[in-house]
Amino acid sequence: MFLLNCGSSSLADRTFSGLMLLCALSIFAIVLLILFELISGSKLTIQKFGLSFFFGSAWDPVNGNFGALPFIYGTVVSSILSLIIAVPLAVGVAIFLTEMCPAFLRGFLAFFTELLAAIPSVVYGLWAVFVLIPLLRQYVNPFLIRTLGWSGIFAGPNYGIGMLAAGVILSIMILPIISSLTREVISAVPHSQREAVLALGATRWEMIRMGVLRNARIGIVGAVILGLGRALGETMAVTMVIGNRPEIARSLLAPGYSMASVIANEFTEASDELYLSALIEIGLALFIVTIVVNALARVLVWAVTRGAPVRGT
Amino acid sequence: MGVEIEVSDLNAWYGTNHTLQSISLRIPANHATALIGPSGCGKSTFVRCLNRMHETNPIGRVTGTVRVGQVDIYAQSSPVEIRRRIGMVFQRPNPFPTMSIYDNVASGLRLNGYRNRKVLDEVVERSLQQAALWEEVKNDLKKKSGASLSGGQQQRLCIARALAVDPEVMLMDEPASALDPVSTAKIEDLIFQLKSQYTIVIVTHNMQQAARVAENTGFFLNGKLVEFDATHKIFTNPTDKRTEDYITGRFG
Amino acid sequence: MASNIVMPPLRARASNRLWRVFANHLATTAAVGSTILVMVPLIAIFGYLIYKGASSLNLAFFTQIPKPVGEAGGGMANSILGSGILLAIASLMGVPIGIAGGIYVAEFGRNKRLANMVRFTADVLNGVPSIVMGIAVYTLIVVPQKHFSALAGGVALGIMMIPTITRTTEEMLLMVPLNVREAALGLGVPNWRSVLSITLRTASPGVITGCMLAFARVAGETAPLLFTAFGNQFWSSSVNEPIAALPLQIFVYAISPYDEWHRLAWGGALVLIVLIVVSVALVRYVAGRGVLKGAS
């Protein structure tokens, strides 16, 4: 902006800024390109099934019958489960780090959190396959079956893999992001608000509740939604633990399938055009949903942090 | 009713910076006392020591005695009740933006467990009346947020909020410095009205303001209390030369 | 007027006081508890990954390709080479475009709506699952070419780098103080030169580490490679053939039934982790020290 006002209009400058503009516009081009490719790639199943594609629960490549409901179910349930586990813990960690943590510890924990957010999905998946699954199978699942098995939510054969495993590994993966973003949002609350509450005669928790969380709540919701967006699209770790069975089951211990996982597993084995189109249409749905969720999250976070770039996400 | 504040040998630090050096004075009850001095002289820090807000800063440290009424406020382990009884109004108004006017004023009451709607209504109304804001907002109590008011109104809202929890002392850290002259005049009128019921300590950069509202004035310089006396004496016939220099504008 | 209003005295019940103290302690316990509950397992996971990875790494890991199933030994050298080639292609595409985009948003579009939209879209794009990028590149490149290739994989990764680098470049450029740019213009330097030689150079440590972060992030991506680069058990350095990649092979080995391949997977995971740690630490270091050291 500063430079625009300087009145320089030589050809070199105009070319330069034009070139930069072109590159900036590439961001939009990428979005449009992906959208175009996804739509054209899923034409066949859109024409054949229409909207019922998303409500059918049969996944039968042999007979050309495709319904995406099991995958939608798997994605949604595993994501919600991960939010239930991760959000309270993430917010708790964020509050601890910003309001209660001694200074020497804060740097290390913040760095470590940022590190965890950057670790690749496949590495988490690797750990999940060899450590988490056996842990769940040997200790956690039997306990859950014993205590809560009556509800039907923890029932059936105990493979270790399944919806619960997917939910747990997802919660581990989205926790650092939700926590970091919540911390940023909490830090953006002005100090004067904290002092206003304290000066009224409030305990530290009351100060946090009334002066910080209340002011930051929109941003915290944004952070949670961002975590949801990440959970919805997580591919590799989920693929390695969810069980890859396109069925809707009540029990969380049953194997399931997610939208991203079915694409990851079956894309290269899709034997005909219709099969491929069905997978691409699932990809299209995933694309649109994550764009909407992420856009919503960013708007909420921006509202609180006033559009300052957020690092590390 | 207001109470007397007795300060003995108060020292305060910000980290290694010895911000206040051995301050002792007695602030009389039901009077307004002004604290003047150049920027950085420690008057704001002093006031924040009176309600134990200085220690909320991680590198803040306090030694000495502060007695409010008969209570040694630093001898208590929890500052919560102290801060309720010693209200504070800040330089920049800081109403809670996510709460309505009503909820702002009632916030302190709710913290103390007040739930009864009628009692809350009554206290909110009286607080806003005491803060000379009632007439302007009485129709919008729950509709408007605390932040949607003008600067001067916001400050009076903060005063009402502090008054609602029945303090004995009101500390004001340059309450009108961010406001326009009309709002400033209203705040000064308010102080005049309030001092019959509360002990008021007001930090101010504005010497005319001190002369207008306060019976007593203390002059701070470089962390020390140079002189503390009746306002008219400070401004017409100060004892210390440094006070005279400051009053006549030779520095600061 | 106001002076004859009498405030009712505040009476708080003792039970209320007790409850407030209790609630405060409960909240503190919950916050500390969550932190311990979260940090301890995470540190344990991290430690386990390092331990398993370290015990799997040896010289052969970096120099050999995997042995046939049933034989011990072997390495992931082909995957490392493959990742290198993919990342080179991706960087060639992503870094210049990303930096240029960041320059535009920071220098020419500071308050314009277009710049805000670019920023917003870049953020949103960062949240799109990477497998979707893979699908798009598949239909765009793999289908017409009728084969998987390193080129397709590199393009998919490059597309992912662009939004990230645009944002980090913008962030770093915005940290350059105004007086640096003023100094350049005061010397009569044309805009484009000022931006490139002075502002960009001042911000270069930050911009470079931003690129490193994007690089490290994309180095660990598996999903977009599943049907673009596809993977390869043998040496391959051709751009037009399927190629191995470190995260891709980790995935394949992890879900395989062979212990030897599992060992390779742990080793590969450690290599990725080291890359991540180095780049995150570097970004923090540079951002923390500020890019201003070049300006003062």
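Should a chain be cited, it is by its letter among A, B and C, assigned in written order, with residues numbered from 1 in that chain.
One rule holds in what follows: contacts are C-beta pairs under 8 Å (C-beta built on N, C-alpha and C of every residue); 3 or more make two chains touch, one makes a residue touch a chain.
This is a predicted model, so every value here is computed, not measured.
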| item | value |
| --- | --- |
| Touch-based graph of the chains, sorted into line, ring, star, complete or other | complete |
| Interface with more contacting C-beta pairs, comparing A-B to B-C | A-B |
| Whole-Å separation of chain centres (CA-atom averages), chain A against chain C | 15 |
| Averaged-CA centre spacing for the pair chain C and chain B, given as whole angstrom | 50 |
| For chain A, residues contacting two or more additional chains | 203, 206 |
| Multi-partner residues of chain C (at least 2 other chains) | 20-21 |
| Overlap residues in chain B, where contacts from two or more other chains coincide | 80, 84, 111-112, 165 |
| Chain C-facing residues of chain B, complex | 78, 80, 84, 109, 111-113, 119, 122-123, 126-127, 129-132, 163-166, 190, 193-194, 196-197 |
| Complex interface listing, chain C residues touching chain B | 1-3, 5-10, 12-13, 15-16, 19-21 |
| Touching residues (chain side chain C, partner chain A) in the complex | 20-21, 23-24, 26-28, 30-35, 37-39, 41-43, 45-46, 48-49, 96-98, 100-101, 103-105, 107-112, 114-133, 135-136, 138-140, 159, 162-163, 166-168, 170-171, 174, 178, 181, 185, 190-192, 194-195, 213, 216-217, 219-223, 226-227, 230, 247, 250-251, 254-255, 262, 265-266, 269, 272-273, 276-277, 279-281, 283-284, 287 |
| Sites on chain A touched by chain C in the complex | 1-4, 6, 8, 10, 12-13, 15-17, 19-28, 30-31, 33-34, 37-38, 40-41, 88-93, 95-97, 99-101, 109, 111-112, 114-116, 118-123, 125-127, 129-131, 172, 175, 179, 203-206, 208-209, 226, 229-230, 232-236, 240, 260, 263-264, 267-268, 280, 283, 286-287, 290-291, 293-295, 297-298, 302, 307, 309-311, 313 |
| Residues of chain A touching chain B in the complex | 103, 190, 192-193, 195-203, 206, 210-211, 214-215, 217 |
